[in-house]
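Each of the next two complexes has chain A plus one other chain: chain B in the first, chain C in the second.
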Partner chain A sequence: MFGYTGKVLRINLSAGSCGVEPLRMDWADKYIGSKGLSIRYLYEELAPHTDPLSPENKLLLTTGPLTGTPIPCSGKLAVTSKSPATGTISDASIGGHIGAEIKFAGYDMVIIEGRAQDPSYILIDDDKVSVESADGIWGKGAYETEDLIKAKHGCDHSVLAIGPAGENLSTMACINTDYYRQAGRGGLGAVMGSKNVKAVAVRGTGAVDVPDIKKTTDRIIDILTSDVLVEDNTFVYDVGTTAFLEACNDGGILPSKNFSDTTDKDWVKYNGDVLMTYRQGKRGCGCCGLGCGNFLKFKGGTVEGPEYETISVAGPNAGVDDPESIMKYNEVADDMGLDTISAGDVIVWAMEMTEKGIHDFGIRFGEGEKMCDLLRMMAYREGFGADLADGVKKAAAKYGGSEYTLEVKGLEYPQYEPRGSWGMSLSYAVSDRGACHMRAYAPNVEVFEAAAPPYTAEGKGEMVYQLAEFNAVKFSACICDFWATLDYAILSELLTLVTGKEWTEQDMSDTGRRVINIARAFNQREGFSRKEDTIPKRLVKEALASGPAKGQKIPKEAFDDMLDQYYGVMGWDKNGLMPDELISSLM
Partner chain B sequence: MKRLKLEKEKCLGCKLCAVVCSAYKEGAYRPSAARLDIQSHYENGGLVYDDRFCILCGICAKNCPEGAIVQEEYITVDHSKCVGCGTCLEKCPKNAPKIRDKKSYICDTCEGTPNCVRTCPQNALVFA
Partner chain C sequence: MINVRIALRGTLRNLLEGGEITVSIPEGSTCDDALNAAGIHREDIPSFGFVSVNGMRVMVTDTLSDGDLLKAFSRIGGG
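What follows is the complex of A and B.
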């Protein structure tokens, strides 16, 4: 078999058993791998309305046919489950080397189901699979967890680990690997915690086969040189996503003070130029080539990052301009195993609640040092941290202030202000896992490239669809977002070279659409429809007070128009529901 | 004599070198069988490099009890003589030889044009 190993490892923690079964190649032909394939599996295997934190939920670790090959930016793994944050399907893409190790261990996918009786970790060493006691590891931070497991089993193992937040079932808990790479969004760390699984350690010594190794490798290296290591992508190496800070600030989409406004005159105090002065080393995921990871050392600690999202939420969105405070926030959030985006949004909301006198959380805008205290309170569910640990939507239901929450379906907003990029409000609304910027990255078209007018609903349904289709197939082939020059011609060529099966550009487009639809079908079965495809009240009611998008707000009619357009493009009805024959075609 | 060198500050730890080595030498993407291993990982808050590759010091050739290893511009292992005793690995200061199926596999620098160097995306590996 080429590209794929053709095998699925299924671990049932309740039964204490594991087994290997053939990969459903009929589904792989339709969904490729990773995102799409894992969602197809969960559509089949999860009963509707399964409690995400029950033993009946499953956690899938899914590679793609390109994983383990020298293809640039292929060092990713999809972690997929039903999300405790949203109740939707949720796939998160994690980097490092864990995807390749799973593949070299002989598996396209690992399915983790049931619940271990006691705190445990899973050890996969090729065909040797065991569930080990997590005595002495449970309760530790994510960094120490990784250290302890590597010390015991060898640093040639890749480790997925959760922090205290995952153990304590925070719906903002992430899963870490390589210390600083996360399956960040949707609370998948809590799913792992609910299964009493502290970590998954994997080492593989096997191979990935392709039909013609010399031709494939030569062509991959040619593409690496001619299409990856080129100016449009190499900013990733130089400054990483910190580059977005200036672009977002200049475009009027950098949120400030809990999305109450945009732009920050002080952004140069914590931008990439400043952060890179702390750089000690570079890191990339498996066969990456670009190497977005910047290992930074500062007075109070060390961190790889911070990425744009973290800088924004712990910087301007919190009214903070101290780079070391931002780095410390990143370091602590990762160790606690909390998604920096969601946890940050909750904290900046709490800051505004205090400022507005709605509820005193003891933290105000600008108090960067206190942000780490709140992270710990949330991770350990101490004091009001117990309420904040389940996200901003539930926190507002208890304390008030829902008009100042920024979320869709219970997943907090990433750091792109839609009033300066209207298409992004649609993107967040229709994303399969709640407010996510990785499903359709509208600012690239509306702001950075200025290829579509940002303050209008016109054409946004088709625009968001095109972006979503591309990302859906890209993440199903398991390629990182940072290969910005990737197109369907290259992607289909690579899939053909590796699998030996002919993939066309049209197949890429069809698969992207199919992946969006299978995710929607899962969510529809859970009861989701138009009423959950929402826009936060603040964006409709409050005009931006400053910046390039000054005066902008998104009228409800414009948002509804965008939804109608998108549903029309997808062939869904006015309520965002899919016809039965469309669902049947996905099976 | 040209030797492999690693400029750590440029290395991403992406392991492309090992995957490419296994492709050209073993006919499959099997980095565990590559003739070099270069990786980095975080440990106790720091970034740690672990590199394992032939520096052409010649200790293996001098110590091979079967006379199977010859060093000229690069290392060659005569598998008709090699019995996989592991002396080369034991003596190697870089832990570079790989022993499997009772044979030793040592980097031959792709006979003077190492593919790992050619393909290293950040030029962290040099041959000079």
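What follows is the complex of A and C.
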């Protein structure tokens, strides 16, 4: 077998058992790996309406056939489960080296099910698998957790770890690896915590078989030099996603003060040029080739990042202009094991609630130092932090202020303001895991390439579908978003080289559509339909007061038109429901 | 004549020494006119993204005023 190991490791924590079973290659042929394959497994294995934090939910760690090869940007792993934040399927792509280690240990996928009786961590050393006591580790921050496990078992283990937020079942809890890389969205850290699993440590010593190693490596080197290390991609090495800040500001999609407006006159105080003055070093995931990570050292600590999302939510969206405050927010959120996007959106909502006199959370716009206090309160569920720890939708249900929440299906908005890029409101609405910018990145077309008019519904259904199709197959092949010049010709060629099975460009397109559909089928079975594909009230009611998109709001009729278009492209009905024959074709 | 400062962003920076230049162009000139005057021909640059004037995204056909800051961004992806 080429590319795949053909093996799935299943660990049942309730039974205290583990076993190896064959990978469903019939599903791999349809869904490749990672995102798509893991969703297909969960569609099969999870009973409808399973409580996401119950032992019956499962956490899947899924590689792809390219994982563990020297193919650039292939150092990713899909972490997939039913989300406690949304009740939808949720897959998060995490970098670092853990994906390759799982593959080298001999597995395409690890399925974690049940619940350990006591706080534990899972140790995988090739074919030796054990569940160890987490005494002395439970309760620690994510950084120290990795330190302790590596000190005990060796630095050659890659570690997935949760912080206190995951232990305390915050629906914004993330999973960390290599200290600063996260499976951030959808509360997957809480799923791990609900299973009493503090960490998963993996070391593998195997390899990935390919049909013709010389032909494969020669072609990888060709592609690396001709298509990866080119100017369209190398900005990632130079400044990482900090480059987005100025582009989003000038493009009119940088949110400020809880999405009450866009643009920020103070962005020059914390933009990429400023942050890079703190840079001490660079890092990439396994087999990257680009190396987006920036290690920044500042007076209050060290962090790899902050990425654009974190800069935006802890900077302009919080009314904060101090770069060290933004870096500290990043460092503390990672250590607490909280998604910087969701936790940040909750905090900036709390700031606005205080400012408007709806409820006094003791924090106002501009109070960057207090943001870290709120992170800790949420992670440990202290005081009102216990209410905020379950996300902005539930917090607003208790305290009021739902007109100021930015979320879809309970997942908080990423940092791209849709009133400056209308297609993004559709993208967030139809994303399989709630508001997510990684499913269809509309600003790329509407703003950064200026290739489609941003303030119209016309053509946005097809545009968002095309973007979503590409990302769905890319993440199923487990390739990073930063290989921006990747296309179906190269992706299908690489899959063919590694698996020995011929993949065509049409296969890529078909697989992307199939992956979107299997995720939708999962969510439909849970009861989701058009009524959950929503746009936040603020975007419909309030026009932007400044910036290039000044005066823009998204009429409800325009949003509904975009939804109709998208459903039409997908072959779903007016309620966003898939016909039975379409679901049958996915099996 | 009007003076317009041009600043290139992202990978476009490499097209000009220091990534910046000031050009003198006739009144009524567009962003495209200014870029052409600086030797930046966007139709020849696949990675060309969008332009802003004084921090606000505009169309390349929009006209410029004396003292404007014209920025040209390369395409970016990911997030």
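What we mean here is this: the second predicted complex is superposed on the first by the 587 of 587 C-alpha atoms of A that agree within 3 Å, B and C clash if a C-alpha of one lies under 4 Å from a C-alpha of the other, contacts with A are read in each partner's own complex, and residues count from 1 in each chain.
The definition used in the following text is that contacts are C-beta pairs under 8 Å (C-beta built on N, C-alpha and C of every residue); 3 or more make two chains touch, one makes a residue touch a chain.
Fair warning: this is a prediction, and the values are worked out from it, not measured in the lab.
In the superposed model, A:241 makes contact with chain C only, not with chain B.
In the superposed three-chain model, the partner touching more residues of chain A is B, compared with the other of chain B and chain C. Once chain A of one complex is fitted onto chain A of the other, the partner contacts of A:587 are absent, as it touches neither chain B nor chain C.
Applying the stated contact rule after C-alpha superposition, one finds that A:25 touches neither chain B nor chain C.
Contacts of A:545 after superposition on the shared chain: neither chain B nor chain C is touched.
Contact with chain B, but none with chain C, is seen for A:180 once the two complexes are overlaid on the shared chain.
In the superposed pair of complexes, A:489 makes contact with neither chain B nor chain C.
Contacts of chain A with chain B, set against its contacts with chain C after fitting on chain A, share not one residue.
Residues 9-11, 14, 46-47, 49-50, 52, 55-60, 71, 73-79 of chain C are the ones touching chain A in the complex. Here chain A touches chain C in the complex through residues 231-232, 234-236, 241, 243-244, 246-247, 249-252, 263, 308-309, 414, 416, 437-438, 441, 444, 447-450, 480-482, 484, 547-548, going by the rule given at the top. Those residues of chain A whose C-beta lies close enough to touch chain B in the complex are 68-70, 72, 75, 97, 100, 104, 143, 146-147, 150, 155-156, 178-180, 204-210, 213-214, 216-217, 221, 224, 228-229, 237, 280-291, 293, 295, 301-302, 304.
Interface residues of chain B, counted against chain A in their complex, comprise 8-16, 19-20, 22-24, 26-33, 39-48, 50, 118-119, 121-122.
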